[in-house]
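Read through the structures below before going on.
Heads up, the next two complexes both have subunit A, just with different partners, subunit B and then subunit C.
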Partner chain A sequence: MATADMNESGAKPWLLLSPALTAITLLLAIPICFIVVYSFWLKTASGVPQTGFHLDNWAEVLTDVFYRDILFTTLKIAFLTTVVCILLGYVPAYFIAMTTFRHKAFLLLLLMLPFWISYIIRTMSWINILGGSGAINAVLLWLGIVDEPIRMLYNEPTVIIGLVHYLLPFMVLNIYVSLDGIDRSLVDAARSLGCTGWQAFREVTLPLSLPGLAAGSLLCFVLSAGTYITPLVLGGPTDAMFANLVFEAIITQLNWPLGSALSLVLLVLLGLLVTVYNRFIGMSQIAKTFG
Partner chain B sequence: MSWFLIRTYTILVYVFMFAPVAVVMLLSFNANQFGSFPMEGFSFRWFVELWHNDAVMRAFRTSLILGSLTAVISTTLGVLASLAMVRYNFPSKNFMATVLIAPILVPEVVLAVALLLFLQFLGIHKSFLLLLLGHVIFTLPFVVLVVQARLYAVRREYEEAALSLGANALQTFFAVTLPLIAPAVFAGMLFAFTISFDDITGTLFWKPGGVETVPTQIFAMLRNSISPEINALGTVMILITVVLPVSGIALVRKLSRNPGR
Partner chain C sequence: MDTTKRYERLLERYRNGDLERRTFLGLLGAAGITAGLTGGPFKALRGHALAAKPDEVRFDGWGGVVSEAFREYAFAPYTEATGIEVVDGTFGGADEYLARVQSGQPGEYNLAHLSGVFDYARYHNQGLSSTLNEDNIPNLDNVIPRLVDVFRAITDGNLSAVPYDYGTTGIAYNRKHISDDEIQEKGASILVDPEYKDRIGGWSEWKTRIWYAALQSDQDPNDIQDMEAVWEKVRENRDLLLKYWESGAELMSLLAEEEIYVTEGWSGRIRALQDQGHDIGYYDPPGGLGWQECIFVLKGSPMEACEELLNFMLEPEVAIAVAEGQFYPPALDPQKVELGEVVPTLPAFDPSGTLENLNFFDPTYWNGNEDDWSQTFSRVQRGY
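Take a look at the complex of A and B:
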């Protein structure tokens, strides 16, 4: 019987799980509990933090407008990135799902390729496009439209462009998985009952693709809100995001207690989002993408 | 008409995805001394300079060793956990599924800070070991997701046959199960290697001073100026991270087409 020991639990599965669970406990769960404690300690000149229960870091993080402003900027950038990803990503996902083109698998493979291309390379590649001596300026100069290079780099829009370029494949793939699972006869039924193509899309296809859209949006938002490399490479000096504050506090200022408090703010905010998503849609939608 | 628009839109989005990467590869062959437009002839000089750049070669070695060790450890943990998830029913299985992917539900920056501070507190300072532990925990969920998805396709009858013919559990695992799940193991290792090879977010927190991986080396070089050497390095990275997995996937496809399943 194939399912015989599916029902028999015993110690075996726990034995198999124990190495991974030990790793996750020691390298993730306990460290996160540890930085909760650490965020109540204080930085001292000697480098050894002063233990105890001090609210100073939290008071600073939660009341200083500097942190609040950067937090809002971060959420705004993450939101705009997600919206642009939806606008750019839905149509290609629809095309790949619905096309009768012979090389559909090839289109999908092309879509997966950017996953494999280094994030830092893809981010810095925009300098070659938008930079003072980049492709766009080279063309404009050559055509004689401008006399000197236009300054396009190192501002908030370029940070968003970089993030969209990095995250778009996640969005397209999630929407594609959802669209591909739709029973085509539902659309045919809608059409035969008198819907126009657009109505059938709006009433049938679009609602059925929402779980994929939601999964893609969650990934885009969470991943962009937690980034600090893109603003460092493509942003100007004032385009710091929240994770840049964490990096500054931990690596540059060596203020570990403050860095702990800052990272916990990020964890709680994004964690809330993931929890809400998990409550209403569930993680299995994201897991499908790997199938 | 509207289908024509959809197709054009799709093509434009693909151009948006690939043009910057294509430009990196194009510029890496530029003979021009600044490595920017206009193209002034075709040359391999930047690749030659790369080869003679000790810092870059060291970074490559570090990345390769780190990626390989990560792949082996992470896949071992991941395959065992996936076997438990796919083959057994046990209480709190749903909860365990979430726990196993927890490292990617936590923002990577937070994971990086927590691991760094906790291990530093235990006396393990920034080191290769810290980097390795960080990469293992960060790649584990990806391995679990990929391997689990593939394990569902492996049928159990062969193992049961072996067991009923008198093989013990270990013999069955090595003689029957392992060859059957080899493509899944291979896919997991490839995935873990590529993610580790590509990681910069956690790596910048965990790496000791003076040690660079390829991405952090590129990041450090970017801070000076964008030289054609960077584009050449990018081209090499693209070839490694694209050609390797794509040929890997092709191999897995070929392996899994054998009559074993």
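Take a look at the complex of A and C:
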């Protein structure tokens, strides 16, 4: 009887997990396997890839300075975006978590509001803000501060601005969840022991909110590094990111094997980052935010 | 009375001036309903295999004003007349579409508004061409012969597409900043003029970039001898660019917002801008690039339904309406068909119907270099 119960309790989680596992297997694991296999094939002139085990694509991707440089640029943009998101995201998250405003839910709703608008539309909206005849230039010209429009668009900073606009809510939400979970009596205790407000923040609040900060940073970094639209819309001639190369290999050059190898490089790099995060902090922090 | 007869009668009345265009299109719809109630269209198809009559055919095009014109003047009346739904999709370019077709099932995609002879050849080489029964497309006789012949040469005398329109990729410039005299003096070289650094735009498509770089380095784009000189010009242009644009909509936005003063551009899109009141000039430099677009029927498609749609789309009234909507001259021969008042005013229009002044991609030459040049351009474009 006891054995039967154990079998039942052992099988039940798997039974409950099976729809999710099936979906992950069919929609993620198997397609990734296909991509891995494709990466060892070769493009031919006819468009039908030459099957087999060829290391040519991998040799090209891993040794060519072109791919290495674009990858470095991608990681740099993702890093800078993450840093800006941290700097801009902490204050509003702190404010929402600590405010005594009765309608805190309304503030959170405002935070979620941008998600109701398409990411592409949000990205393109910067053209109307930073463009030659955009809002900022129109005001500067009207005030007589400048004689002709300042060029602000289509460079690396505008790509970062577009990414920050897209990713900031992720950062704020993660930090907010972390701050909201802090026992306020710990801060009170620090203050009663002689800490100034700044010291209490530095010694108590900030360290306890670091898991949320780390979760937000991970999300911002991974999503930035895999972005494709933002550099396309807001970037200049040489502001491509790694995902643009994947698109170009697969769509423009019809070189699916090379595109597969490129996408796997990005997947492995970002996967390593997630693994390190999971090892030291754990994915549960991200689950809390979206739970 | 079959569907074709209904079209013919309505067209006859329209041609005689008894019907306005709107009434004509409305009656086409009514004819379609009648046809549906009295037994349905495509008797010929029914004779062969009723089960083979499709409920829908899929058409993919460029979107924007071009697709709007197709929807309004061609697909809606066709659907009303035949009961066959035209599923209307869009793509950003023939490359992207080819990737979609390759990953789809045969028959999933049917008709595509492809650009240039280059794409026709490429799709044929990928094994995606079909063979049209030209007897089912009598309006093909009205098409400019030069546009048809280049397709026949690729597909052993047969056709997998009908030519539909043509245009040029010339130089578009903002007259507030660049005069007509300056553009005529500098020609294609204005796109590598340091005076306009950060005010130049360019299409991020390797063929167009190389074509113009060949002109800038005084070479025949269809017989380039010094490729290094071409890449140098592509780099020169890249370093002066504000942005590589990716679509017609982005081209129009950059010019209209005066982010850029000069770029190469598609004749129809520039005409659309001019009609919106923007003071944008358009100039086809010596050796400038012409192209034609076709409606390509992909292998595995329901051929008779597609041929019926093609014939309908080539009816002068429909083709002219689409041309006026999308601002590209139709492929119809002006020596055979009266094209009305607007078409002759469209950029790139050739009243002789010979198209002798236009230069097209040599499909054999460009297809042969595609792998090498498109990959190299990908690098040069990004600063290498």
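Here, the second predicted complex is superposed on the first by the 272 of 291 C-alpha atoms of A that agree within 3 Å, B and C clash if a C-alpha of one lies under 4 Å from a C-alpha of the other, contacts with A are read in each partner's own complex, and residues count from 1 in each chain.
Throughout what follows, contacts are C-beta pairs under 8 Å (C-beta built on N, C-alpha and C of every residue); 3 or more make two chains touch, one makes a residue touch a chain.
Computed from a prediction, not measured in an experiment: that's the story for all the values here.
A.B. asks: Specify the outcome, clash or fit, for subunit B and subunit C once both structures are aligned onto subunit A.
C.D. replies: Superposition result for subunit B and subunit C: clash.
A.B. asks: Decide which partner touches more residues of subunit A, taking subunit B and subunit C as the two options.
C.D. replies: B
A.B. asks: Check the residue A:250 against both partner chains and state whether it touches subunit B (first), subunit C (second), both, or neither.
C.D. replies: So A:250 meets both subunit B and subunit C here.
A.B. asks: Identify the partner contact of A:131: answer first if only subunit B is touched, second if only subunit C is, both if each is, neither if none is.
C.D. replies: both
A.B. asks: Just to be sure I read the superposition right, which of the two partners does A:45 touch: subunit B = first, subunit C = second, or both, or neither?
C.D. replies: Second partner only, subunit C.
A.B. asks: Looking at A:88 after the superposition, I want to know if it touches subunit B, subunit C, both of them or none. Which is it: first, second, both, neither?
C.D. replies: First partner only.
A.B. asks: Quick one: classify A:66 as touching subunit B (first), subunit C (second), both or neither.
C.D. replies: A:66: touches subunit C, not subunit B.
A.B. asks: According to the stated criteria, A:231 is in contact with first (subunit B), second (subunit C), both, or neither; which is it?
C.D. replies: Touch status of A:231: no partner.
A.B. asks: Would you check which partner chain A:151 touches, where first means subunit B only, second means subunit C only, and both and neither mean what they say?
C.D. replies: In the superposed model, A:151 contacts subunit C only, not subunit B.
A.B. asks: Looking at the overlay, what does A:21 touch: subunit B (first), subunit C (second), both, or neither?
C.D. replies: first
A.B. asks: Touch test for A:212: subunit B only (first), subunit C only (second), both, or neither?
C.D. replies: In the superposed model, A:212 contacts neither subunit B nor subunit C.
A.B. asks: For subunit C, which of the listed stretches 117-125, 171-179 or 243-251 runs into subunit B?
C.D. replies: 243-251
A.B. asks: Same subunit A residues contacting subunit B and subunit C, which ones?
C.D. replies: 127, 131, 133, 232, 250-251
A.B. asks: Under the definition above, what is the set of subunit C residues touching subunit A in their complex?
C.D. replies: Residues of subunit C touching subunit A: 93, 95-96, 98-99, 102, 125-127, 198, 206, 238-239, 241-244, 246, 253, 257-259, 371, 374-375, 378-379, 381-384.
A.B. asks: List the residues on subunit B that touch subunit A in their complex, please.
C.D. replies: Residue positions touching the partner: 2, 6-7, 9-10, 13-14, 16-21, 23-24, 27, 34, 36-38, 76-78, 80-81, 83-85, 87-91, 96-103, 105-111, 113-119, 121, 133-134, 136-137, 140, 142, 144-146, 148-149, 155-157, 160, 194, 197-198, 200-201, 204-205, 214-215, 218-219, 222, 226, 230-231, 234, 237-238, 241-242, 245-246.
A.B. asks: Subunit B touches which residues of subunit A in the complex?
C.D. replies: 2, 5-9, 12-14, 16-17, 19-21, 23-24, 27-32, 34-35, 38, 88-89, 91-92, 94-96, 109-111, 113-114, 116-122, 124-129, 131, 133-135, 137-138, 142, 165, 168-169, 172, 197, 222, 225-229, 232-233, 243, 246-247, 250-251, 256, 259-260, 263-264, 266-267, 270-271, 274, 278, 283, 287, 290-291
A.B. asks: Quick one: which bits of subunit A touch subunit C in the complex? Just the residue numbers, please.
C.D. replies: Touch residues, subunit A against subunit C: 43, 45-47, 66, 70, 127, 131-133, 151, 153-154, 232, 235-238, 240, 245, 248, 250-255.
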